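Two complexes come next, and they have one chain in common, chain A, joined by chain B in the first and chain C in the second.
For the complex of A and B:
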């Protein structure tokens, strides 16, 4: 891409140093000679200490890749990930490893992310052992404390992961992420693999832990309903780019990007009277291949209000300020709410 | 801690630690149901006991040419398996042969296990040029018969029990390395490996703390199959007169001497042939049983 856009940092509370600054991060995966999958294509944002930022988008939009770029589990193609003033994309080996103490991750699949040959106690203690923080009886005590913190029986430490349910396993994953007292936790769809009834428990737990340990979250999810209550701000991602960023409540009441509006319309409302008045914004077609993203605005192939041929197919819209702390990348953002109806 | 989430009813499975049904318990339970493997295990246990007893006691000195004893004696009360071409006690020599066979088998397997696992893990985990070098090397040696490499190497190294194991391991480690490489290749992509890296694990910890324990089943099976191959190769080398230096007895050298004496005395050939056949069968049955027990997906 030639016209990558560096977004001005959106801030809810100004004049606080951000804990995490992501600057124009790009990740291209090689896919044969001369072509590459542009999984993340110029993404910039800030996360302030104590904040929870939601990151939403459909499968394949690059949100999980972005999470792994921030944790440096995969290297960036270009751009900076600045954690507490240090650009961790330039760190290698031991220096990078030391940074991991501040930055932990909760994984999507609670079945795949726990080593089946290790006891729960060993899994939770692994970060502590890796950094030689603690050993012996103090370690056992810390593991039991962590188990209690995430609402598990502290005497389950010598059991194996397969003896637990999905929700319990995710609690184990959360305990592991907490072990090092990190400042930032990347939650990569931590509830997508769980039953709806368990989802609320896990989200409540994450909220409690945030209050208790002043944690900062980047909360990745594939639908807007999950991130609504936990997030201070929500970012919407489409095909490797952020298309809208807004304070949480703002985003749910007023949308400046047609994609966000479509995502929002897809959330069912548990009240039949409201539900019957709801209208689904149907997007035509599939998400385009990130191998060869559409020209201009990447969303124009599926957008209900796109002007094609016209500016939407030719010019990539910049992510610009549309309101107080509300950014969107759309040429016709003022028409989004009038032209796309989501109620009858 | 004022965490509002209580220990819920769903965790009411009890606070007493339950019996662990891990890889080992589960595997051995399945192995116990396999009669053939169980019989093999019993036979091999007896063989090991015999080999250990032979360290301290044999009916006669296996190397001694006994005074006042006829050569080529058939089975008798004094010599249950008879005597050989020099009048040495065959039972004592067979016991020593069992020792040699088991040392060579288990020793070779240990070398193969160490080298193959380390090389395989490195190739499969780091990939890139290091994997290419290792894979090309292994593929070249796949075209050359292992027994040929073993004979040449053994002649170069010189005679001795240790050198025989090294010579057999020289090609046998490659199968193990290939197997482990494949395991590492697939396991390194699992999410728990990513989780380990995120929690600050170094490469060594990931290789030996996560990937190795998760590929242990197939590795044990492969290590078991190396034992009969090594025993057979040693016997073959000794049969050719290249193996264990005389007067040490190996089943291969006894068979070789027995073959020369076949018209006079068939027993001398019979004992090592039967012992070798039973032992090779037993190890193969055990290997099959272990594969079924620990690695059910590979069942053919």
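For the complex of A and C:
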């Protein structure tokens, strides 16, 4: 850990007022009488203005649901989503709509997230029209400006989405998200449907836009390499809970949760020499069902260092500070690096 | 050097669509030695999967192999009858695909489907088939194999389904296993397990593996030799060390620098490859990478570079090669990756604006 980098948001003494504060958010989806899928089960975190926070985890961990809860695309079961000082879970109707202007979303599938029957210009202008911000010539000028901002030809506003490649469509989605000058953008797997060479274009664009417009990102993805590259801090999610939050610099060198360590050991590196030394931490079994998550620590059924029977099966570990800006939910975090080898 | 078990020579596969002739694979040649692990990497549409489909005779209308030879154990697979090819497919050459769920029949038990492959080819004595089915499932590390063999595919997780597919592929002791994006649909922890399994099986059974993927890391972990494809052609070939440490083709070089690495120091900017791959119906003249290449020279616009030896066991199709790009064009310190940026060659008369004034993809959008 070097202390020259962007300050991680410490939960203890926030230097700046967070732009987003998520407090104990829970989402249970009903699944028949008396049972429910605990998709997000008590998640709390802050995002500071101008920060990029990554959210990583495997399929079904709840990361996309969490993104949708923050944007209020689906209602929370309980908990608070405080955006710029206002708990938006308590707002309804026009008040919610107005507050939500500050919050936009970029989606994974650039093919499904644009209406094929609307022109690109109309797609990008829709938020402006929706909020009656601007019309006529000024609207057209704004659309062209936005197209230019995301690196597209400003005179393509009359074309339809099918005339564009995947990478270009993702740029259109980004232009739409920028239209209302939002402060926070939730990026849900924005590059995972794109080819490798196009991914870099979009990642670089997101970085440039952040600098230009002082944007704040919540970057949700399954690819830890991409998430770590773009984020100041990374949150790791497992089975509806955040198990570790670490400054990106720390994540590769020091992990405080066994799941993060296992995840890291699974990521292939385009370097045969490193690959030949990488040792995979094999997790036993499959991810348990979120219908009936394990007792105590949810990871104990697959954890290589769990004490079972014992504290890991009985007591749920709280997400607590383990180092500078580094949080983890593990009873034995001090053993993670000594007991779980990831190189041979 | 042993004789290759598979040798592809001058393979071209085109698709005759309403919009025109899509030249998906053009003049592809390579060999696979017994027990070798060969990676074919490239992005969507580069022809890597079509190459595999061509080997197995699975190219369907409007696609057609228009030229080439595919020599396997002394015979040209392209000249065999459907019947003869069926005897090789699944027996001597097996294949696993990206999506294990759609490759399995949902109404038949997993064990039945594994056994079916063995009965079909009569290579394994019939009285040993059931026993071998369970052993295979154990070999691919499905726990409680005796019981799970009677499950239906929907009772298996994604990773287990891919294990079952691998078991099926290995059931007739093939000489060659072609794996097309076998881990792309899987979570990263499961991906790592499947790759480790393939690595072990390659060592234990001696079956050669062709791994087709867009993921450079996956190739680095499994393959000893790598082919890089771009726009339907092989642009570079070499050992994994050569391709990852001393790539000579600007496309390979750029691709490696465009992916974020988990072990990299943060704060650096990714080198992006500007623009898009070419339209396979209307290909550019000369080198197919020239519209995106920072190191292009005048010749790249006129003549298509042949694939030539650049080091022992390494070949690249480039008039410039990275050795020259480092020596003469400052490739080591490049920050602007727009086409022609490093070489200064813009033969259409357009002078490139400084990167700051041109948003990343104006060039892309202009196409």
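Just so it is clear, the second predicted complex is superposed on the first by the 330 of 344 C-alpha atoms of A that agree within 3 Å, B and C clash if a C-alpha of one lies under 4 Å from a C-alpha of the other, contacts with A are read in each partner's own complex, and residues count from 1 in each chain.
By definition in this document, contacts are C-beta pairs under 8 Å (C-beta built on N, C-alpha and C of every residue); 3 or more make two chains touch, one makes a residue touch a chain.
None of these values were measured; they are calculated from a predicted model.
Is A:71 contacted by the first partner chain B, the second partner chain C, both or neither?
In the superposed model, A:71 contacts chain B only, not chain C.
Regarding the shared-chain residue A:148, is it in contact with chain B (first), chain C (second), both, or neither?
both
For A:168, decide between first (touching chain B), second (touching chain C), both and neither.
both
Where does A:226 make contact in the superposed view: on chain B (first), on chain C (second), on both, or on neither?
In the superposition, A:226 touches chain C alone.
Counting only touches as set out at the top, which of chain B and chain C does A:126 meet: first, second, both, neither?
First partner only.
Thinking of the overlay built on chain A, is A:24 touched by chain B (first), by chain C (second), by both, or by neither?
After superposition on chain A, A:24 lies in contact with neither partner.
With the two structures laid over each other on chain A, which partner does A:203 touch: chain B (first), chain C (second), both, or neither?
So A:203 only meets chain C here.
For chain A, what residues appear in both contact lists, the one with chain B and the one with chain C?
In chain A, positions 148-153, 156, 165, 167-168, 201, 204-205, 208 sit in both the chain B and chain C interfaces.
Can you check the complex and tell me which residues of chain B touch chain A?
1-8, 10-11, 15, 17-18, 20, 22-23, 190-192, 194-202, 205, 210, 213-214, 216
Inside the complex, what are the residues of chain A that reach chain B?
Counting only chain A, the residues touching chain B are 68, 71, 73, 97, 100-101, 104-105, 107-109, 112-118, 126-127, 130-131, 145, 148-153, 155-156, 158-160, 163, 165, 167-168, 173, 176, 179-180, 201, 204-205, 208-209, 212.
Provide the residue numbers of chain C that touch chain A in the complex, in ascending order.
These residues of chain C touch chain A: 43-44, 157, 159, 187-189, 191-193, 195-196, 214-221, 240-241, 244-245, 254-256, 258-264, 266-267, 269-274, 276, 359-362, 364-366.
Looking at the complex, which residues from chain A come into contact with chain C?
5, 58-59, 148-153, 156, 165, 167-168, 171, 195-201, 203-205, 207-208, 222-226, 228-230, 248-249, 252, 262-275, 278, 280, 282-283, 286
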